[in-house]
Amino acid sequence: MIRESYLNAALLAGLLAVPLCALLLDEPFIITLATRAAILALAAVGLNIALGWGGLVSFGHAAFFGIGGYSMGILAFHAQNFMPLDLGFMVFDGTKSMPIIWLVAVVLSAFVALLIGLLSLRTSGVYFIMITLAFAQMFYYFAISWSRYGGEDGISIYIRNDFPGLDTLVPIQFFSICFAALLLALWLNARLVASPFGLALNAARQVPVRVQTVGLDPARLKLVAFVISGAITGLAGALFADLNRFVSPSMFSWHLSGELIVLIILGGVGRLMGPVVGAMLFVTLEHVLGGFTTHWHIALGAILLGVVLFARGGVIGLVCGPKGQS
Amino acid sequence: MTQTILETRGISKSFGSLKASDSVSIDLRAGEIHAVIGPNGAGKSTLIHQICGGLRPDAGQVLLQGQDVTALSTAARARKGLGRTFQISALAMEDSVLENVMLGALGASGRPWRFLAPVMGDRALRDRAEAALERVGLQDNRQTRTAALSHGQRRQLEVAVALTLDPRAFVMDEPMAGLGAEGSKTLTGFLDGLRDQAPILLVEHDMDAVFALADRISVLVYGRIIATGSVDDIRTNPEVRDAYLGESA
Amino acid sequence: MTLLRVENLTARYGASQALFGVDFTLAEGEVLALMGRNGMGKTTTVKAICRMIPSQGRLEFSGQNLHVLPSFRAARLGLGLVPEGRRCFASLSVAENLIAAARPGHWTLERVTRFLPRLGERLGQRAASLSGGEQQMLAIGRALMTNPRLLILDEATEGLAPLIRAEIWGTIAALKRDSGMSILVIDKTLSELAQVADSAAIIARGKTVWSGAMEDLSADVTEQYVGV
Amino acid sequence: MSTILVIEQVLNGLQSGVMLFLMAAGLTLIFGVMGLINLAHGSLYMVGAFAAAAVAGATGSFLLALLAALVAAAAAGVLVETLVIRRLYAADHLDQVLATFALILIFSEGTRLIFGSFPLYLDIPSWLSGPVTLPGGIQYPLYRLALIGAGLAVAMALWLLIERTRIGIQIRAGENDREMIAALGVDISRLYTLIFALGAALAGLAGALVGAIQSVQVGMGEPVLILAFVTIVIGGIGSIKGAFIGAILVGLTQTLGSVFLPVLFRLFLDPATAMSLGASLANMAVYILMSLVLIFRPTGLMGARA
Amino acid sequence: DIKVGMITTLSGGGAGLGLDVRDGFLLALAQAGRDDIELVIEDDQQKPDIAVQLADKMIQSERVDVMTGIIWSNLAMAVIPSAVNQGVVYLSPNAGPSQLAGRGCHPNYFNVAWQNDNLHEAAGAYANTAGYSNSFILAPNYPAGQDALTGYKRMYEGDLAGEVYTQLGQTDYAAEIAQIRASGADSVFFFLPGGMGISFLKQYADSGVDIPVVGPAFSFDQGILQAVGEAALGVVNTAQWSKDIDIPVNTAFVESFQAEFGRLPSLYASQGFDTANLLISALEKADPSDNEAFRAALREADFDSTRGDFRFGPNQHPIQTIYAREVIQEGDVFTNRIIGVALEDHADAYAAECQMP
């Protein structure tokens, strides 16, 4: 068994080394893949805060991913087409600046997470899974018929947005941005888990009544976790949109919510780096298997099945042993 | 006259046609252990739930230190000084013993909304938690996973968590449940010393413990208090013998 | 004739070993008390006998090796379990709880409800809304419905009012007296056990430390291993 | 909008609800009893439809095709249960999610490997095709009437099985405490395999019945799966009665929503806006229904437990 | 060597279309005997984000000269604008969203199939010729669906008995069919691609409603006709190609496709085949490294199209004849037969908006 902290360091080093090697070998697409993995990992890190530590199995995190994506899409669309965005109370030119887009994405998804969380947290268990799905589906269908922003076709942004001091079109530079965002989220996650809030949240997942009897409100703890979680996934959505220079309703789809959950389980639920391992593995498999046969889904399915049957606690569980033992 | 810490005034609760609490008035005074006994299904746990906030009474009031808390949530009552242990242990089993008491201390501090500073680095919380552990004698097990504790130790931990809240009153539902003779004896001794800290409202079927501990006993049958009095009053009350004690006492 | 033979039984929960060698035998028609402090392995022994957890050693019921059988087959040989914590099927009615377990034999729904009249009055009520004592009765009735050759009672009086405890002890005594049923009983209170049990086995730290006839049990031994 | 049209639409809603029930019943059974979130349930629906199409193509008999659907789906169910699911009862819910997600991939791509990428042909048998005239002059397809009838019959039989038979009681007991029912002498693994096969067979039957009026193609199970989940959650998980009520509610909401919402909006909006707004809202209608139900009844209409 | 990147849908529910395009394309390459064309094929799983990444891969890592293959409009909108702006020539074998035909046209973008509205416009025109004057029209509620209804209405001169948007991916059309029955329409126009169309047609046939139906070829194409079966018999649909277009290149194509792959070619296969032949014709005149010359060669469209005359309009979209076909049965096989011309030499409605830089 390897100490989890060593593995974590090795993983991050790996995720950083792959694009650097790709840079040397002049394989820009590998960098794009690494960026994709980093962004999916970021989204899943967000979900993991709700799912892993708060015990909130959200099957609707695509809602936040999509809101992040559409924040980027809409702001950049207006900037790109020189059509001011009329918000009713103010007129806004749109923007191509990443920091502003991120801010909007984070604030909007946090706000929506607050609303969804308020309503959803009345339920628990499978009911919670399904009500979060319901909200995401509402966004999905709304986006599909929102013809102003392309409906099902989505919005294409021809040039990637700007980040002060960087050329975001250079793959490695955009990767650095995403990697930095991932590191920041992981750092936040680690601090959160060890913080007073994390202690209370952890207990709220296991024994809500106990938390109540010490004078805290478990529902509110979970709500805050849900909001933080949604905000991080929203940020990932904005980055994902920028990676593809494109947003569409598929960012809201339940497949995406499911995929995020799968990433976490694959890596290890409630493990700091679980989402990162999951994302790296998933993106690699998708890329490598796809090269062999058009029926690669069978192979992917078999591998996932193998992980469930023979690696309880995900890949990290396999390598480091069960949670709480190291 | 001693001060009344906790009091119910005519609380009633029905489940359908069943009257689980029928105008129950009971009080807990400073420094005493007040035991509530009664047959199974008499409504003891239901009474506890209403006192602690898990159930809302259909009628009547719950007063804590003279203040009406009937409308407050469980969490709010806890903040006002109601310390509770459960019939079945409710502890974070995956966490260490220390983390469980830290949670109590955190609740008592009322400041859970801190996201970045490590909780274990908070000296004030830490001291409070350690003090509670020491009080129940679990200080050597602070790093043990709660799941690995024995039954009796879990009971002690529950009390420790309640202690961190510095409660005005304890409410305990069958703390002896599942403890062997020896365990019961130890816990009895421990609870005996606890009454100086805060009075205890104790629901218990273990008559040895009740008779050893209680200053007063109330007997609940079909949702009603049929008698309240000293140990000897109750022991000899024929109604109580019929409804509850049988020949055993 | 020996009904249950347990020899050098060992068992573990994941990484931690709970039983280190439990031995005792129980004859047909006998009532055996299994005693010991908290956490010493009484329930674990019962679970092993009922094949609810994996175990090693010798485990024979009327000459059959239980270790080769899954839980339900062991039960069909004639093990009737009243588990620790009652474990009634909460969402089922009293009658359904009984029917779910029924196997042909002496004990039928009528006999059981006549024997435990409190249940008879509540056949349609959901188990979840029964009081603790009634649930305990139900668990006993349910075990009887399987028409066991050996009834296993694990803390059958826990959490019950003194009056009902007395009733349950009366029930156990009646079973022994009227139907000559073999019974393995675990309980905290020595005095009540002493009245019904023929023999006893004491477990400490997962090992049998004493076994023999009930009347041979000395105060020293119980003081040392049971704490009374 | 004439009464006839309204009645016809109600029938349509009923019919899609009843078919949804066949899916939802298996799902709710499997979830309720085994605590298993079976994402692969939609794949069993697909297996049923493909088996039916293949057999109908080879033999020309619709009844044989239905039989084949039942057998193939049940067999697939048994296979999946014994090879994969059985090892996961003790595992975390989330592990089951991952495993059944993996099974979707395998089933879908496996079906494509065997049957190719093009939709298959499965048609209504001639003795059930065409419309009949109902009292009041409503022209309604006979096949859809037959679906309503078949669905109601299955629902009734299932309800009797679960509520009235000893096996049903044991199934529900296993739902409460699996280990305990085994310790009482009930072969719970066999019972589980049976339930899984039963759930699978119902899904397969639904796939075949619906396949005759829809497109038999890879991935056809996924939209139905999501709807079936919505259904059992509305009804309350584990409850057959709940699944039935939920299914009818969802069927009616979907059908009537898509027809009447645009009409409703036309009362106060211009036609183009009304149409697109109505259509989008109709898409969301079942989800809105589900969230409303859950907000007011957090464990569904018939659910007792969380 | 020339490197061509093909991103198309090869897995999941929509794989049939992608497979046909790919096979048609491969057949043309094989027949031309060009082994200097390196074809990189990738599966987009019908997911826009995957398609974008594959495009990035082809452009960044594989450094392809020409790209092609995308089936779906939403994927096309995700990939094409950015690809052509990076200097890659894109030949569309299927999707033709209106944005790319009008304001978003680009010298590097060529459409070898149709602009999305074309077949619907043809259906509208056919409705006029057939004397329909009260159509009930329906399509899914998404951009291509909205374009379809717009396209039909652009040419159709009669009244509308009803206009309905269905749900994307909907499988049950009982509600819509009941509305059609009640509407008093004399004809039905629908655009329901893939499984949606199969479901609609089967249910429509069973409902006993016998109002004539027209639609674009997508629901009557070779790949899915067998699944629709008799329900489709006699339905009129519009397409720029049909297997019975009686010109040698088409006859040869149908024969060789069937010989090679063991199935009849579909509309998509013909489009893949034509796309490859267009590419080959241009490669014979210019090298992609000379972007200007290569594009000029493409614009000439100097190849034998399976659909007969083919030329590009100013926005590099086809100007072509669109036929009305009827579904017939030949032995066991359901297929189409041309019954007339719906639109002669038709160009799309957006060409005027296109200002080529």
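The chains carry the letters A, B, C, D and E, assigned in the order they are written, with residues numbered from 1 in each.
Methods note: a contact is a pair of C-beta atoms (placed from the backbone, for glycine too) under 8 Å apart; a residue touches a chain by one contact, two chains touch by 3 or more.
All of these numbers come straight from a predicted model, not from anything done at the bench.
**Q** I need the common contact partners of subunit A and subunit D, sorted by label.
**A** E
**Q** Let me spell it out: compute each chain's centre from its C-alpha atoms, then which one is farthest from subunit D's centre?
**A** B
**Q** Specify the chain most distant from subunit C by Cα centroid.
**A** Looking at centroid distances, E is the chain farthest away.
**Q** Averaged over CA atoms, how far is the centre of subunit A from the centre of subunit E? Could you give it in whole Å?
**A** About 36 Å, centre to centre.
**Q** Take the average of all CA coordinates in subunit A, do the same for subunit B, and state the distance between these two points in whole angstrom.
**A** 44
**Q** Report the inter-centroid distance (CA atoms only) between subunit C and subunit E in whole Å.
**A** Those two chain centres are 75 Å apart.
**Q** Give me the residues of subunit D that touch two or more other chains.
**A** 108-109, 112, 276, 279-280, 283
**Q** Two-or-more-chain contact residues of subunit E, please, as numbers and ranges.
**A** Subunit E, residues with two or more chain partners: 11, 15, 141, 146, 168.
**Q** What positions in subunit C touch 2 or more of the other chains?
**A** There are none in subunit C.
**Q** Would you please name all pairs of chains that touch?
**A** Those chain pairs which touch are A-B, A-D, A-E, B-C, C-D, D-E.
**Q** For the complex, give me every residue of subunit E touching subunit A.
**A** 10-11, 15, 42-43, 47-49, 52-53, 56-57, 60-62, 73-74, 77-78, 81-82, 85, 97, 141-144, 146, 168
**Q** If you look only at subunit A, which of its residues touch subunit D in the complex?
**A** Its residues touching subunit D are 57, 119-120, 122-127, 129-131, 133-135, 137-138, 141-142, 144-145, 147, 254, 258, 261-262, 264-266, 269, 295-298, 300-305, 307-309, 312.
**Q** Under the stated contact criterion, what part of subunit A meets subunit B in this complex?
**A** 188, 191-192, 194-200, 202-203, 206-207, 209-217, 221, 224, 323-324
**Q** Where on subunit B does subunit C make contact in their complex?
**A** So the residues of subunit B in touch with subunit C come to 15, 37-42, 87, 148, 150-152, 174, 177-183, 185, 205, 207, 243-249.
**Q** Across the complex, what residues on subunit D touch subunit E?
**A** Listed in rising order, the residues are 2, 4-5, 8-9, 12, 15-16, 108-109, 112, 116-121, 123-124, 129-131, 139, 141, 143-144, 210, 212-220, 223, 255, 258-259, 262, 271, 275-276, 279-280, 282-283.
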